[in-house]
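Each chain carries a letter (A, B, C, D and E) given by its place in the written order, and its residues are counted from 1.
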Amino acid sequence: MKMTKAVRSILANYESDNPGTKANLARILMQGALGGTGKLVILPVDQGFEHGPARSFAPNPPAYDPHYHYQLAIDAGLSAYAAPLGMLEAGADTFAGQIPTILKVNSSNSWASGANQALTGGVDDALRLGCSAIGFTIYPGSDDCFEMMEEIKDMSAEAKSVGIATVIWSYPRGANMPKSGELALDVGAYAAHMAALLGAHIIKVKLPGDHVEQKDAQKPYEGIDGSSQAKRVAHVVEAAFNGRRIVVFSGGAKKGADSVYQDARDIRDGGGNGSIIGRNTFQRPRAEAMDMLARIIRIYKGRE
Amino acid sequence: MKMTKAVRSILANYESDNPGTKANLARILMQGALGGTGKLVILPVDQGFEHGPARSFAPNPPAYDPHYHYQLAIDAGLSAYAAPLGMLEAGADTFAGQIPTILKVNSSNSWASGANQALTGGVDDALRLGCSAIGFTIYPGSDDCFEMMEEIKDMSAEAKSVGIATVIWSYPRGANMPKSGELALDVGAYAAHMAALLGAHIIKVKLPGDHVEQKDAQKPYEGIDGSSQAKRVAHVVEAAFNGRRIVVFSGGAKKGADSVYQDARDIRDGGGNGSIIGRNTFQRPRAEAMDMLARIIRIYKGRE
Amino acid sequence: MKMTKAVRSILANYESDNPGTKANLARILMQGALGGTGKLVILPVDQGFEHGPARSFAPNPPAYDPHYHYQLAIDAGLSAYAAPLGMLEAGADTFAGQIPTILKVNSSNSWASGANQALTGGVDDALRLGCSAIGFTIYPGSDDCFEMMEEIKDMSAEAKSVGIATVIWSYPRGANMPKSGELALDVGAYAAHMAALLGAHIIKVKLPGDHVEQKDAQKPYEGIDGSSQAKRVAHVVEAAFNGRRIVVFSGGAKKGADSVYQDARDIRDGGGNGSIIGRNTFQRPRAEAMDMLARIIRIYKGRE
Amino acid sequence: MKMTKAVRSILANYESDNPGTKANLARILMQGALGGTGKLVILPVDQGFEHGPARSFAPNPPAYDPHYHYQLAIDAGLSAYAAPLGMLEAGADTFAGQIPTILKVNSSNSWASGANQALTGGVDDALRLGCSAIGFTIYPGSDDCFEMMEEIKDMSAEAKSVGIATVIWSYPRGANMPKSGELALDVGAYAAHMAALLGAHIIKVKLPGDHVEQKDAQKPYEGIDGSSQAKRVAHVVEAAFNGRRIVVFSGGAKKGADSVYQDARDIRDGGGNGSIIGRNTFQRPRAEAMDMLARIIRIYKGRE
Amino acid sequence: MKMTKAVRSILANYESDNPGTKANLARILMQGALGGTGKLVILPVDQGFEHGPARSFAPNPPAYDPHYHYQLAIDAGLSAYAAPLGMLEAGADTFAGQIPTILKVNSSNSWASGANQALTGGVDDALRLGCSAIGFTIYPGSDDCFEMMEEIKDMSAEAKSVGIATVIWSYPRGANMPKSGELALDVGAYAAHMAALLGAHIIKVKLPGDHVEQKDAQKPYEGIDGSSQAKRVAHVVEAAFNGRRIVVFSGGAKKGADSVYQDARDIRDGGGNGSIIGRNTFQRPRAEAMDMLARIIRIYKGRE
């Protein structure tokens, strides 16, 4: 693994981390078809916890099998594969050392009463399963947001001490967050900023729209150009320590392929680090998903 | 670092503390342009957590970069730089040993439903990042005030045992505190007193007005002269163990420069130890902020 | 310190305690002008937490300084000095070994919504500050009373294991306690009894009136003579394990000197162990307070 | 990293190991020019501890610099780099993620009186430095051999629980081992077997001669063909669980290049997994070492 | 403390350390008259433990007082002061924050039977006393050398995790080290190398002579020029990771001032980082010691 200048420059931003954590970040950044470019595409498969198996996998039944996702991520040349405990356990031996994995350590489900998640994995699990990172969701706007922050504070400190990286999914949601705010530009930038302040190495947020939700934010946003998606991405990246933290954007629910490609182009043009794209790939037939991922990778390489 | 008489005299007040904690207090008091005077100016950058990145940094976009604040605090000759975990991590190696840092270990955000904060850092983080102190906010008047006090009780005891100082932000706020009380003289003095009772080494409060909020406090305040801001500062200092604890005053939202200077003069004349001034500096262009800080330092030195 | 028979006899009642805890009780009982008599007068200064600094100290401004109280207690020949964490820390070194101290480990404040207190100190703090005891308030009648009892259960067990004594302030108050009950005879005796049951070494209660509050208690109280304050004190002492636990009575808000002296005589004549007297002394000018304390001591010595 | 059949087949032998440990073994087996072949070449630089810096590095002075060895191992396409704590610390950040590292956790030196080694690193160090394995020497035949075995028992168990692999250097030596036995065939096979029994993932032994040392072993060895070095390698591999454990052979002191190549051919032909080759490379000028390593790699690839 | 390029460049070598440890190294490197130059002079006062008080302090009786040494180190503008537990405790409060201190955590004495030292301090002591580093002696050549190495392995790992630096005194001595070897060039370089391998941040060795002790080292040393003391210093620095670790040289027993100055010049010219000089200063009258230290500092600044 000859380190590229692009990756070196990203790693240098993680200046308080030990070499163990940097090695795991490097593994993700040097993996697959985008290895060395500073861009990354992550496959997350945690929708089964949140929406149930049939809503997640019935559109493409082979995806019920945990091995399917490992194999898809590897064959498509992705950067990492993220999933909850059992999903990783079911393939961790077969695919050991073939692709960096991210243990999603908290999860919600369809009957959760509030906007919160259960802790469903630990740093010790990540070590025994050979994961490069833990993944954790916070819900800014939830009544339980403080509790979630305190959980990741503890887990991230433990992870950093043993060389495991931290990925924070920062998803505005909950009793104090109007529906209209979840995809607002100001809220998305704020969500990314909070993840960075909490010490995340990699930040996952949704692609925001151009709406500004918070009353107090109207004025500062007068001078911020959110007219195109690429510009909105650039603003989120700025909010994540001016590019000193890796930011990836999620694809959301399954949608048309062209829309997926346009998102990737906008993330690239706005200076985002890449995509974390689940349902849009594993809910399609494998051949179609492979094509789509190949094209996304070409986009991140600047070839279309 | 030849210790001055002014600093020795302040350190002598922290009579139950171990030499490790005193050494960290000494580092803050001997740092920068005010080093040795017993006065201090601290740069706090935790507004991104509370108000979001754009409201905090859009007025001066270079401030999105965590290095910007370290450099500003060092170049302006300030006494210390305070920020949440991720913000410090992003510069802790580059600026190691160049300025004392304060790890803000709890933080609120714009969607918090009550007056409380999430724990977002720990004493172990402070040690690995080389911080001189932890910073913690309490909200007297909040339903969660007891919980916050119990959190800082534990963290402060741990910090004191390993030589880390404690700064308490004491901000009256919450369901049991009328809006009119937040800046009342009696409430401000009480807030400072509670921080002292909780064992804070450095107390951060807002500059209070001349209003007396509590009914039961009307009578005792008949004999207390709160007619000028300097006299109100003096009363708060008296309430903080009669000057035995360092008290710094926050600047609040961005405002006119003359008002900032007048505040500094009043703090100085009332016997306060200095300013903790964030938005009024980092939201201005750097050159302007440097000028403002230079002038504040001159004021604390008694030169204007 | 030659041990007197009176003190030996008191110490013998703490028969399950280790010698470390007994040594600390002995220090309190052998200290000052009442040393050896089995009587004691304690100076408590925790009103700043509960009522704020100005309401507490403005009547006698030198009392803003933590050293003032240590010095007053020592110069007046008192038995012990009780205060919250920061107040003790600010003088613990200067006055180390000069007077037994009691670390008040929980505290309320003027904006607390219910009848509860925050934990603001710990047994480890008591050890490092050289305290002889921890002090803890319970509110029988409060919704949070069980939580408070559970807190002191844990802290007292920890304290006993390291030779620190426990003082319980037992103050009926809260949603389940009618105002009329707070000073009722049956309630006061009950409060003292619960403190004894919780394992307190020293019990602090208010001087009760002759009213019987509880319906179910009317009958048993028919045969109890509560017609004089001394008799009521005797009943409370009886309720505290028939004199096997030290009981001290609090003075309440500042009042006329004669009333204070009469209280002391009644406590003495009823077999109480002494007074815990704060505002009635530190809110008076020092010379006046010294005179008052001298006279109280003479009363406890049976000289007036 | 597409896993090859050769590597899959090796990993399958480590059937009780968790995926974390297997991922680290996979990293070593998939690294560099031999990645995927099931063969490996490891660079060990611990001779400075055992023989001193000048005896180790004076023949090629750039090798005094710890970065030299990282770079050599990476540029030559080796499988892993093994060194003691300080040596790894001095380059772990610069080369994070570029090559698997093995933390040598015990070390001897030229003045050690018996055949033993000091523990000089731990599993926690391995985690923070991002190492894939710990390396540990045992001296079968030493008076301290049981102590050494008990040390690796503990460390290896800890390492396995957190996904770190174990490499055992098994070197017959000590008061109970005649000099003639150190390179004997029966002893070498026995040494490899004991390392396997102790739970090593990778076993490092010396290339044995054809001498049979133990009296009791003469008879069984009558039927074992040790007439060529390749056959002796095959016997050692057989002794290491019939090929179920990775066995690498050490190169010993610097010697002629042809002899080094012949060793590699014999290891390959005997079914050994590769070489661990230190002095023969880093004591040569870099260009010469690069050529030698390139040729060794070609040999293991079966190309010469 | 504006960081100089020289110090930045030294700190960059400690690439696996957390910012806390780097901040403490920075404090030493930025302290006193040599602050910022990359050179340092440390005052060690541990001879009382090893030789007794009179042999140490009778030549200059004010040196019996622990404050004497703190004050000397501060007034002379030294970089740090190193001493055992009690010696530091006796001045740690008075001089808190005035000079970096190094807690010597092991010590021998005149009646020790072998070449070993007792552990006499811990990392927790270093934290509560505000020390920047721990200091530890190893005796290469001693029967107990492994035990010593294992002690510092554990203490150094703990220290690194809480931001405390490690200084290793590496003094060849003991049953397996001939007297002639203690100051041999090969042995001194080897001693420095082992300290570096053990993870020391600062290495303290004696100035070696030109004798080569080890038989096996004769050949490699043929090509090493040890004809002048400066060249021997250069060789030791090379052995300490080619200059990637700070190396300071000890002054040994009291000797003539000219000899002390020549040593400093040789250390400087050979690229050493400075002197650790005890008896040669504190056994002289203070004025004389101050003059000597001033001159040594001028030498390190290249002014004589």
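By our rule, a contact is a pair of C-beta atoms (placed from the backbone, for glycine too) under 8 Å apart; a residue touches a chain by one contact, two chains touch by 3 or more.
Computed from a prediction, not measured in an experiment: that's the story for all the values here.
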State which chains count as neighbours of chain C and simultaneously of chain D. none
Does the chain D and chain E pair touch with the same residues on each side or with different residues, judged by whether over half of the numbers are shared? different
From the options B-E, D-E or A-E, the pair that copies B-C, where over half of the contact pairs coincide: D-E
Work out the mean Cα position per chain and let me know which chain is farthest from chain D. C
Compute the distance, rounded to whole Å, between the mean C-alpha positions of chain A and chain C. 58
Express in whole angstrom the distance between the two chain centres, defined as the mean CA positions of chain A and chain B. 36
Chain C and chain E: spacing of chain centres that average the CA atoms, whole Å: 56
Could you work out how far the Cα centre of chain A sits from that of chain D, in whole Å? 39
Find every residue in chain B that makes contact with two or more other chains and list them. 92-93, 124, 128-129, 161
Hey, how would you classify the chain contact layout here, line, ring, star, complete or other? other
Go ahead and list every pair of chains that touch. A-B, A-D, A-E, B-C, B-E, D-E
Taking the complex as given, what residues does chain A use to touch chain B? 13, 15-17, 140-143, 145-147, 149-150, 153-154, 157, 172, 174-177, 186, 189-190, 192-194, 196-200, 214, 216-217, 220-221, 223-224, 235, 238-239, 241-242, 244-245
In the complex, the residues of chain B that touch chain E are 1-3, 11, 18-27, 29-31, 74, 92-93, 96-99, 124, 127-131, 161-163
Footprint of chain E on chain D - complex, ascending: 48-49, 51-55, 58-59, 61, 64-66, 84-94, 107, 109-113, 116-122, 124-125, 128-129
Can you tell me which positions in chain A touch chain E when the two form their complex? 15-16, 18-19, 161
